[in-house]
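Going in written order, the chains are labelled A, B, C, D, E and F, and every chain counts its residues from 1.
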Amino acid sequence: ERLDERLRTDAYADLDASANGLQVGPGGPAEADPDIDHAAFAVDAAVETAERAADAQSDVLCVHHGLFWGEFERATGPTYDRLAPFFENDLALYVSHLPLDGHPEIGNAAGLAETLGLEDREAFGTLGGEHIGLRGRSPDEFAPDELRDRLATECDPEQGVKHLDFGPERIENVAIATGSAADWLDEAVAAGADAFVTGEGKQAVYHEAREAGIHVYLAGHYATETFGVRSLLSLAEEWGVETTFVDCPTGL
Amino acid sequence: ERLDERLRTDAYADLDASANGLQVGPGGPAEADPDIDHAAFAVDAAVETAERAADAQSDVLCVHHGLFWGEFERATGPTYDRLAPFFENDLALYVSHLPLDGHPEIGNAAGLAETLGLEDREAFGTLGGEHIGLRGRSPDEFAPDELRDRLATECDPEQGVKHLDFGPERIENVAIATGSAADWLDEAVAAGADAFVTGEGKQAVYHEAREAGIHVYLAGHYATETFGVRSLLSLAEEWGVETTFVDCPTGL
Amino acid sequence: ERLDERLRTDAYADLDASANGLQVGPGGPAEADPDIDHAAFAVDAAVETAERAADAQSDVLCVHHGLFWGEFERATGPTYDRLAPFFENDLALYVSHLPLDGHPEIGNAAGLAETLGLEDREAFGTLGGEHIGLRGRSPDEFAPDELRDRLATECDPEQGVKHLDFGPERIENVAIATGSAADWLDEAVAAGADAFVTGEGKQAVYHEAREAGIHVYLAGHYATETFGVRSLLSLAEEWGVETTFVDCPTGL
Amino acid sequence: ERLDERLRTDAYADLDASANGLQVGPGGPAEADPDIDHAAFAVDAAVETAERAADAQSDVLCVHHGLFWGEFERATGPTYDRLAPFFENDLALYVSHLPLDGHPEIGNAAGLAETLGLEDREAFGTLGGEHIGLRGRSPDEFAPDELRDRLATECDPEQGVKHLDFGPERIENVAIATGSAADWLDEAVAAGADAFVTGEGKQAVYHEAREAGIHVYLAGHYATETFGVRSLLSLAEEWGVETTFVDCPTGL
Amino acid sequence: ERLDERLRTDAYADLDASANGLQVGPGGPAEADPDIDHAAFAVDAAVETAERAADAQSDVLCVHHGLFWGEFERATGPTYDRLAPFFENDLALYVSHLPLDGHPEIGNAAGLAETLGLEDREAFGTLGGEHIGLRGRSPDEFAPDELRDRLATECDPEQGVKHLDFGPERIENVAIATGSAADWLDEAVAAGADAFVTGEGKQAVYHEAREAGIHVYLAGHYATETFGVRSLLSLAEEWGVETTFVDCPTGL
Amino acid sequence: ERLDERLRTDAYADLDASANGLQVGPGGPAEADPDIDHAAFAVDAAVETAERAADAQSDVLCVHHGLFWGEFERATGPTYDRLAPFFENDLALYVSHLPLDGHPEIGNAAGLAETLGLEDREAFGTLGGEHIGLRGRSPDEFAPDELRDRLATECDPEQGVKHLDFGPERIENVAIATGSAADWLDEAVAAGADAFVTGEGKQAVYHEAREAGIHVYLAGHYATETFGVRSLLSLAEEWGVETTFVDCPTGL
């Protein structure tokens, strides 16, 4: 129906890059599927999320992390196991990876920036000619501990947030790149950020942050990337599609 | 059961290269599937051959040309359509491409050399460090037309064989590389062959053959590549597996 | 003289790409040769066509398939043999490969489209940013057998045309890419063509055409590529150059 | 002196690969420095560790993570800042990265395997033709929680260990690859491990472990990689060199 | 101070390419260093030139040939020795290689063209989309020997100039590419130059020049590349910076 | 005849690498040409040397620098002009480049080492797994000026030899790599040579030699590479082939 076509063409078209769009399904990657009644949304495509989407009678599972990364040349072993629930339940798989990281309104970083109340937002996290994050200014500066607690509340109250406490006492400029984006620390420093928020860290970040004098907050890969798929879910609901959010936190 | 394990480990293990082995199925590519009762054999993996194999209650379809050539990153459109009959019918796909071309006993060129009665066979058609064909000597030399007719009878009586008649009047040494192997004409010339037999030609072969003074016989891509899968079928029957040959000639 | 310069600069300049233009001759590849009295035209550059051009007192042989494909680092063996008649007879070699495939008026596909009476022609067969074929609409739809017979008459009445008869009963939209262009079948399907005409096929085309529901006509690599060089010949005659067509069909 | 030469030639020579060995210093990368009186050891080369090594009057700082990863073409900005304390204090930098991960006796995984009491150790974690980890069998099987607590005690009692609890109830076979080695989870599964121990995880590990049914323990990148440099320190002490361990935990 | 910022941003910004700009120093490559009182200028960065610049109390050494060509992954051996005088004397290194070759006003070729009185200058010596030389017309044609003597006087009166005397008797059009630019001889021929001036030759130039009928003058790599750094020195003096020219001729 | 076959198989076979062997001629690159009566020898293949070889009634021109370096895809312009004298005079071209540099007895460096009376010769100048030069010990040490004069006498009395006088007062160990081999200066230093002899220099050699404390002698590219072709000429004479040496010094 018309709303479903809009789901594809109007909202997603501008998101499409590399391996994004339809990953499993009878149509071509850019084709509109005319009969979506129920759409499920999850961060990761996996056996568990596919089965829970099928249990909810979904026609399509929309995710941030898809099944196919780079080339593959067999459908055997784990690849077979992950494809099977899609074929067996007539379930399509729709993926939006980097486009959903960087989208200025419904992206992951955008959702997190919104909850932190950042203003004067600009694109951040260059990758090729595109961006995968956002940065902005907090009208009321954060104290370092205050920002850590805010992030913990919004992202993962249970696990909390890891804080590398090497920056200034008042935090005005915040750069955000969700997921595993520690490689963009340098860009955050160059952009004059007081704090850099991402999901997963990596060992080398510690001394880089210390020597550059910047706060780093690691708020969880899964936790920081629920914002985008939840925005897609809201959009689908506005179009009259039934929706299910398949929450399957990894604690990572 | 034991016989099926032999099908994998004893016969196929030495064939395995590049994208060969299990291409679709729950196990890993080198794993023995313990319950094969019925195996189908075809030259090409396609919707039609998969459905005919499923109709025959096969557990596995063994082919020369598989579904996956190089990288792919989506299971959509034609790829989805070709994968679906395998997932929906619990049908595995087993592939042996170049290993089955070059195998000195059960390979495509070997089967064709056998029907032509060639002796003193040697490996031919180097690709990397391996070979994809065979060459041999005919104890009774062929007249050029006689070899053309023999090939037509063995390969494709209906379509016949295309003959580039630029070689000597008596043919003793014959080089064979089945399928689309026109690029090995140079190697046939360098090896002193009087005739080169392959499946499909290509335009440039005409003047190359004419200038080198060699016979070229184009006996059909499909027709020259039924020899290998038929040999595999016989092997499976010896092990007590039920078999079906899915004949689906392309005329190419 | 002036007409010869026009032969280079006016007509060929827009055709020039990759390895095209002058391949053998004392001038640079883009230089006008001021004294062409007699030009020969053939599909392939080879010993036979070079010698027949020299016998006709030609100053230049214009072909679709030249001598040099990619790198070479010696002038020995077959390369020496093919170069020798050019050096010994002061015969230049002028080549137009892909430019002559895709030219919308004097190209190979254009000539074939003209004989079929196709209208509303558009570029087809993308390669890089260029095209190597044409597609168009037949004002009077063809029956599948009718199109096969028309192609046989125009291209190669002796060998006929191979027809993969998997498309609709009436053919309106026809996509053409001459020579060995089976890889563009997908693009023909995506463009909504009812029939795809090319020169040589390859084995994989059979199931692709069957599953996509499209007619494929294989009308001969040599036969479909005489149209372009004949158009060049006519152009040269208009400019007052004496011409010879060296017809050397390969049957492929 | 003689002992220092042994430090280079006897102990390190077999470790040397890619960018390992001397990274900063007046000699060539394989040259023995004849006058090392005091050697400092740290996990990471950074401004802080270099300055603490210089404060301890060290002649050389030996680390697991060096300054140079891949190409660089300027000594400016952070690179300048990190090089400066070495040049200003006549401090050399000696690096052993992957060789120290995979060394069967003094490597990082070897040290961790030793503390866990694993037996029948074999090389694990293939990279090129080399290995970066170890696997072994526990004579007394671990309960899943027991292994988590043992790792926390040995590695990082403060931060604890993240446990993805998807494996069997008794753990006999343990595969270890320290640092950021989540990509070797597949190899651990293929080797039949009940548990895989590494330093840092990454988001995709969660579903991979869940679908494969294996325990994953993330014991800290820094924490799991102190074992190797401590072994080097002991070796240097045996040779009579004064030593300092520069402990600078990153919490990552 | 302001003048120094202009030194960076106004004059050098348009020169910056590949490995140019600041190569050694605490700031980033594009950063303005606010306190340059004394700048030294030399053709080559080397131990000798660095030490002579430090003796002159310079804050920065500006050169045409820097220390870093392509990747390096250690600061040991000769690399250590060349970096040491910069770190030990707080001396920065600023490099302008190809940008200084091709700059139409302050570049090496521009300086040489000026001394020869060439008019109607155009860019010459294409490399990527840029140029590394200049060509122009002499209002009073040179006799071949006259041009050789002029070049010897301007460049290196002691060593003289090597002359491959294969061109016409009067020289009007002169193409210049300083340093080791013999590979651009073809472009000089194609541009209709009567003479090609460069620094170093190479063996193959002899027959290429002879067969093309062009004069080649080899005026010294060092000698032809002092023009650019001297222009930079003048520019710096205009801005009020103290300067030193470190002349260290190589005779090559 | 038999001697000619020995010219190919016995003497040249072990020399053959990359683009060496027959470069122009009707046979294949490894084929013995059965009728060589007269062979000419020169350093460079060029129009002039080919014409002088043809004037001497040669069947083959044997050179160190051939016509083909890397890929080419046209025989036009200068390439046409250089090929023409070979085709028009039935003159073959035989090339031995790096093999003739590195051959321990008849190579360029070997010939030069012989004239200098070096003993204990070893391979020098690694390139891939092969060598392109030699090094040895002088039983009577040279004074630096003495070696310069000896080289001038042997190589090019007219032009003399350029000497970078940065090494010790007595020269015992000498490394030789003829032609343009300045990139092997580092290897000469690492091998403990007191002096490095090559043909052409390049600008960067000056400071490298100065900082390493080694003598560098630039004795001419052409001059240092006449030794090998003269050795081949002697060999051919021993086999009874008439010979001509085409001396065409470039002064480079």
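Before moving on, here are some points about what is shown:
Operating definition for what follows: contacts are C-beta pairs under 8 Å (C-beta built on N, C-alpha and C of every residue); 3 or more make two chains touch, one makes a residue touch a chain.
Please read these numbers as outputs of a predicted model, since none were measured by experiment.
Graph distance from chain A to chain E, where chains that touch are one step apart, equals 2. If you take chain B and chain C together, no chain is in touch with both. Steps from chain D to chain F, minimised over paths through touching chains, total 2. Between the Cα centres of chain C and chain D there is a gap of 63 Å.
Mean C-alpha positions place chain D and chain E at a centre distance of 47 Å. Chain A and chain C have Cα centroids lying 51 Å from one another.
Once the centre of each chain is set as its mean CA position, chain A and chain D turn out to be 32 Å apart. In chain A, 81 are the positions where the chain touches two or more neighbouring chains simultaneously.
A ring topology is adopted by the chain contact network, closed into one cycle in which each chain touches exactly two others. Round the ring, from chain E by way of chain F, the chains line up as E, F, C, B, A, D. Considering their complex, residues 44, 46-48, 65, 78, 81-82, 162, 164, 179-180, 199-208, 210-212, 221-222, 250-252 of chain B touch chain C. Of all residues in chain F, those touching chain C in their complex are 19, 21-29, 68-77, 80-81, 83-84, 86-88.
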